[in-house]
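Note that the chains are named A, B, C, D, E and F in the order they appear, and that numbering of residues resets to 1 at the start of each chain.
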Amino acid sequence: MTDDKRSSVLVISAHSGDFVWRAGGALALYAERGHDVRIVCLSYGERGESQGLWKQEGMTLERAKEARRAEAEAAAEALGASITFLDLGDYPLRIDDAGLDRIVAEMRAAQPEALLTHVASDPYNRDHNAAHEATLLARQVAQAAGHDRTTTPIGAPQVLQFEPHQPEQCGFVPNLLLDITPVFDRKRKAMECMGAQSHLVQYYTDLGLRRGVQAVRNGGAKSIVQAEAYQRLFPIVGDELR
Amino acid sequence: MTDDKRSSVLVISAHSGDFVWRAGGALALYAERGHDVRIVCLSYGERGESQGLWKQEGMTLERAKEARRAEAEAAAEALGASITFLDLGDYPLRIDDAGLDRIVAEMRAAQPEALLTHVASDPYNRDHNAAHEATLLARQVAQAAGHDRTTTPIGAPQVLQFEPHQPEQCGFVPNLLLDITPVFDRKRKAMECMGAQSHLVQYYTDLGLRRGVQAVRNGGAKSIVQAEAYQRLFPIVGDELR
Amino acid sequence: MTDDKRSSVLVISAHSGDFVWRAGGALALYAERGHDVRIVCLSYGERGESQGLWKQEGMTLERAKEARRAEAEAAAEALGASITFLDLGDYPLRIDDAGLDRIVAEMRAAQPEALLTHVASDPYNRDHNAAHEATLLARQVAQAAGHDRTTTPIGAPQVLQFEPHQPEQCGFVPNLLLDITPVFDRKRKAMECMGAQSHLVQYYTDLGLRRGVQAVRNGGAKSIVQAEAYQRLFPIVGDELR
Amino acid sequence: MTDDKRSSVLVISAHSGDFVWRAGGALALYAERGHDVRIVCLSYGERGESQGLWKQEGMTLERAKEARRAEAEAAAEALGASITFLDLGDYPLRIDDAGLDRIVAEMRAAQPEALLTHVASDPYNRDHNAAHEATLLARQVAQAAGHDRTTTPIGAPQVLQFEPHQPEQCGFVPNLLLDITPVFDRKRKAMECMGAQSHLVQYYTDLGLRRGVQAVRNGGAKSIVQAEAYQRLFPIVGDELR
Amino acid sequence: MTDDKRSSVLVISAHSGDFVWRAGGALALYAERGHDVRIVCLSYGERGESQGLWKQEGMTLERAKEARRAEAEAAAEALGASITFLDLGDYPLRIDDAGLDRIVAEMRAAQPEALLTHVASDPYNRDHNAAHEATLLARQVAQAAGHDRTTTPIGAPQVLQFEPHQPEQCGFVPNLLLDITPVFDRKRKAMECMGAQSHLVQYYTDLGLRRGVQAVRNGGAKSIVQAEAYQRLFPIVGDELR
Amino acid sequence: MTDDKRSSVLVISAHSGDFVWRAGGALALYAERGHDVRIVCLSYGERGESQGLWKQEGMTLERAKEARRAEAEAAAEALGASITFLDLGDYPLRIDDAGLDRIVAEMRAAQPEALLTHVASDPYNRDHNAAHEATLLARQVAQAAGHDRTTTPIGAPQVLQFEPHQPEQCGFVPNLLLDITPVFDRKRKAMECMGAQSHLVQYYTDLGLRRGVQAVRNGGAKSIVQAEAYQRLFPIVGDELR
């Protein structure tokens, strides 16, 4: 991917918090370089990822969605990204053909060079699987010449899976350690917007340090402090032996 | 890997022909860019990969080695690479501690940014496994502060496995499709030096086209015609989502 | 899991016979110890697992279901377990959102410490896959604070996959060999209730002996005769090195 | 499988072109031997696999389907096979219960000894996954004594997965290299019927040569020139050590 | 493999009992059909697989070897096979270059169409791994034109791994269920020769029944009673879809 | 494993530091409960894991070994364990038959109920592989009735692999999260003894917290703060569904 201003990065996030913890550094990095960075939240995580909210008296689904939406918008802004909510419901997240078409439309609008999403199989959270599957299926449909003749088919963007909570249980094997040291402040700020899950800020700061140590061990610059781990799905095409 | 002139690429080849068919394009590419490209042949393939020679009357191990050496030197020259022969024997290739120390010495002398070698498990040819294992073991020893205090430990070079003859039977899953279009003429010239295995030139030209088609399908430039497939072993460390 | 009387075990069985052959020993063991043992049959196996019944003249789906239900109730009683039938249909078993909600409700009612179900991928019988997937998805939904505020979310019960008919073809790797010797008589009695599949009693008795021999070989007590094999999905949390 | 005239081969093809490129040799081979060879196309590939057609002015879905149908019928005829189109739609291909019942009916009508279809997981094309899953599910339903009492249940046909475009990325490991040398002319003729994808004829001719070389290397007759690769799903039952 | 009288089958057995329990049916089947069936025992299993013998007073390694040899010779005779003992030692079995050369010589003498041996990785018994590795390495060396010019290189025989004691723990996935019903009496007779391990006769009779049931389930003839499971290593080359 | 005072735990550690970082909590836990806890260091890690020492002027292999030995003895004492050094050399660690016999002797002397060691395949450090392989091989030999008639064969102890530095790159999938909260102070004290690798104390404290969070998420008590991850190799035999 060149630093061409027109190239974009698109995240498909099952719930409205996932993009912050798992890919916030990547988003800030690309936003800062002038790329068009877009987030699609398939759901708000209103039922399954809002424990704090549900402890409040009188909580309703609508109020939970609103609170989650406000947090996610603040986080996206802190990262320099735009954000869209498809409100398809969570626990379970079910993506029908209409939902798929909306994801396809987002892909065609973005013409992304990279798609970020969840792993294929998370035994703890099948919404993650659904988001992964929808990303691959929408990518395929978005490439089809015969789908929606009013918008432009996409090329063949890389798909990068971000790190799940318990990586080894999800078959996650990082093949990219992304140096996010220069933008970690912005990621931290975005994480701090997520009031419903505030206990996770320290956890993901520590995880970033751990991935940073591994980055240096794998030949990265000694200056790397914070990193995010990704597993890309497709081969890299290029002219460098790395 | 930057285009810094001092960086080098080192191939650990089980037999004297492997580097030509499987990595010739990569070597030519880096040589042309001014990198220091080095080949270490663990054996000549004198017993198991010289069928043509053994049809000649009066063939001996020594004569087979000489013929194979001459071919490999010519091929290396065509690619712009230097070459060393450790003559450890083939079918089976056995690497003892003295042999290992020589590989370590080559690594320390080269200070490579990338190591190229065989896959971990080839059911047809266990010499390939031995070369793979020796590469990982030598890499580890070459990093050790307490090994041979007269030479300089290496960093953490990437290890790229090149394509075996029957990739699916060897668990080979390419994660790099290297565009070798600009240097394919040099690879072809190098392949034509390998008189003992001349039937393979067309085969590997076709394979390069096949990998080239796949490179385009995976988002590579439409101009790619010839590619080589690699499976890197370690995560990439970097600041790009690719 | 402590022997606390309130803890329960819940089986999610694709067809009405599966729980007998594959988990009957476990159920009898826990029932005998005073645990609350519950079986949920997603279907009766009326179309695909009632060959004997369909040889009878005038058989209908309803009569097949009744016969299967009677057998399964007798088997459950022999094991000391309660049983519920969701009647979602078999061959294929399809679990929609209403079906899922009923499974969630069963989980919340049971508050199980262990869930038993099928493997993730059985090439011979995709109903088994559907039951596995529904179990993981229902477990996740049953944990959600925002789902059905009138019932209590569950904790994080272990999921144990029981042995499929052809284990190696299903990726089944046992990591628990459960000693069912003390209750094997009850399992045998339950198996004998399954008139539609009577040829299987000897088969599963022999399988139990085979797993018993393996249990002893893996360090179990010499007194073990009959065992059942399970593959748990999640890490054990504990303070013992076993 | 004996050469009994009554035995049949049934292909379940996601799009109307797949059976030609990936299994044309097998179909011609069996047709020539007098077997009943049947093709079921789940869709025409009208949206996603008709790029050439969509470059024509005024193209519509119906016209694309017609063009694809005509090509596929010509190809089937060249191979000596009969063909049926289920027109379930592509990109995405969705198979509901009615669609499944039609596949089951085709299986029962054919009483096949071998089923040919796509791999389980193709990251580039989820329609292939859908066809694979539908084949396994339909096979199971077609075996059920209680399904559609007016037709005859099938036995336990082998399922052979044909080669995807990028085999290593799809987990494809060939365990059958089928010698199609005697019928390659017919496969070539069938490939030439596929006007919408004419660039692929040379590509699949080269692939056939490559698989042919591998066939000889794996102990096949020296006379083998063209081969197709398959991955069967179930164990072979037989009395030969091969 | 044709029924040509000159074709042969060669077993590489880590200990002197393995070939009986795991491949006795295959050997009897081929011997009865007139094939040349040969067994190479790398060790007698004198230290690790002779528990019964070591309970006898005054037992020595030499006496244990003699007893094991006598049993194995009787079993081989019952199966109609010839047998050779390399006496390389067990627990651990170590195969040096001289040992390897002897295995290569056996392969060249036999010119086998099929090689039978252990799985690649048995966590309980690393001698099995050593036998597997030696088989692959010897196969490769036996193919080399430049190895021992006085004997004839072999072709590319299939390698079939026989069933380990705990198949799932060894990554064993059967892809051949061999019908041994017609010769089971001979296998039973051979098993009864193995005095040191007499408790295993019933165990392996039951296992044969289990594999027989599975053979029928996978489409085999209803007449199959006893079967042995194998996992072949290389693709089959042929002209049948099975 | 019962709390029987006579049962023991044995660690096979490639280098003299591994047991501290990776299994210190388990050792302290068992020592505190009165078990006999033993450590066998195959090498001192004198060449490859003593970077700090080699920065000191005049360092020699012997002095490095002494320094490492002193640290390891202090750490073992802090944990309440006994320690033995086999001094087999590191980078590479090579275990010949004499070395193997010494490990066997340690196993027979300890009669352990659990063996702790490294993973099977660490691409960064093949000494870890060597230790794993030696553990399995020594376990098998230690079980053999015919090996060293003067000592007593062992039973079938579980093998638990401890966590490597980069778990996902080593195929490490934890299936035991061991609560070490009650003894973490002792582990920390032991870690602080390792002067040559002092930068790792914080790193492994953070890792313990991370595993602790996961332990709670997998159903562990809320009181768990520090945990260690293990991957056991063999099935558990027992009478509990966990």
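Methods note: contacts are C-beta pairs under 8 Å (C-beta built on N, C-alpha and C of every residue); 3 or more make two chains touch, one makes a residue touch a chain.
Computed from a prediction, not measured in an experiment: that's the story for all the values here.
Asks: Identify the chains adjacent to both subunit A and subunit F in the sense defined at the top.
Replies: Per touch definition, common to subunit A and subunit F: B, C.
Asks: Which chains contact both subunit A and subunit D?
Replies: B, C
Asks: Would you identify the chain whose Cα-based centre sits farthest away from the centre of subunit B?
Replies: Chain centre farthest from subunit B's centre: C.
Asks: Consider the two chain pairs B-F and C-F; indicate the one with the greater count of contacting C-beta pairs.
Replies: Greater number of contacting C-beta pairs: C-F.
Asks: Using C-alpha centres only, name the chain that sits farthest from subunit E.
Replies: Ranked by distance of C-alpha centres from subunit E, the top chain is A.
Asks: In angstrom, rounded to a whole number, how far apart do the mean CA points of subunit B and subunit E lie?
Replies: Comparing mean C-alpha positions, subunit E is 37 Å from subunit B.
Asks: List the centre-to-centre spacing of subunit A and subunit E in whole Å, with centres computed as mean CA coordinates.
Replies: Centre-to-centre distance between subunit A and subunit E: 53 Å.
Asks: Where in subunit B do residues touch two or more of the other chains?
Replies: 124, 169, 174, 214, 217, 234-235
Asks: Once you've mapped the touching chain pairs, tell me: line, ring, star, complete or other?
Replies: Contact map by chain: other.
Asks: Spell out all pairs of chains that touch, sorted by label.
Replies: By the stated definition, chains touch in these pairs: A-B, A-C, A-D, A-F, B-D, B-E, B-F, C-D, C-E, C-F, D-E, E-F.
Asks: Under the touch definition given earlier, write down the residues of subunit A that touch subunit C in their complex.
Replies: Of all residues in subunit A, those touching subunit C are 46-48, 50-51, 53-55, 59, 61, 64, 90-92, 94, 123-127, 169.
Asks: Please output the residues of subunit C touching subunit A within their complex, sorted ascending.
Replies: 97, 100, 133, 136-137, 140-141, 143-147, 149, 159, 233-235
Asks: Quick one: which bits of subunit C touch subunit F in the complex? Just the residue numbers, please.
Replies: Going by the criterion above, the answer is residues 1, 9, 26, 29-30, 113-114, 116, 155-158, 160, 174-179, 214-215, 217-220, 224, 227, 229-230, 232, 234-242.
Asks: Quick check on the complex: what are the subunit E residues that touch subunit C?
Replies: 124, 165-169, 172-174, 203, 206-207, 209-210, 213-214, 217
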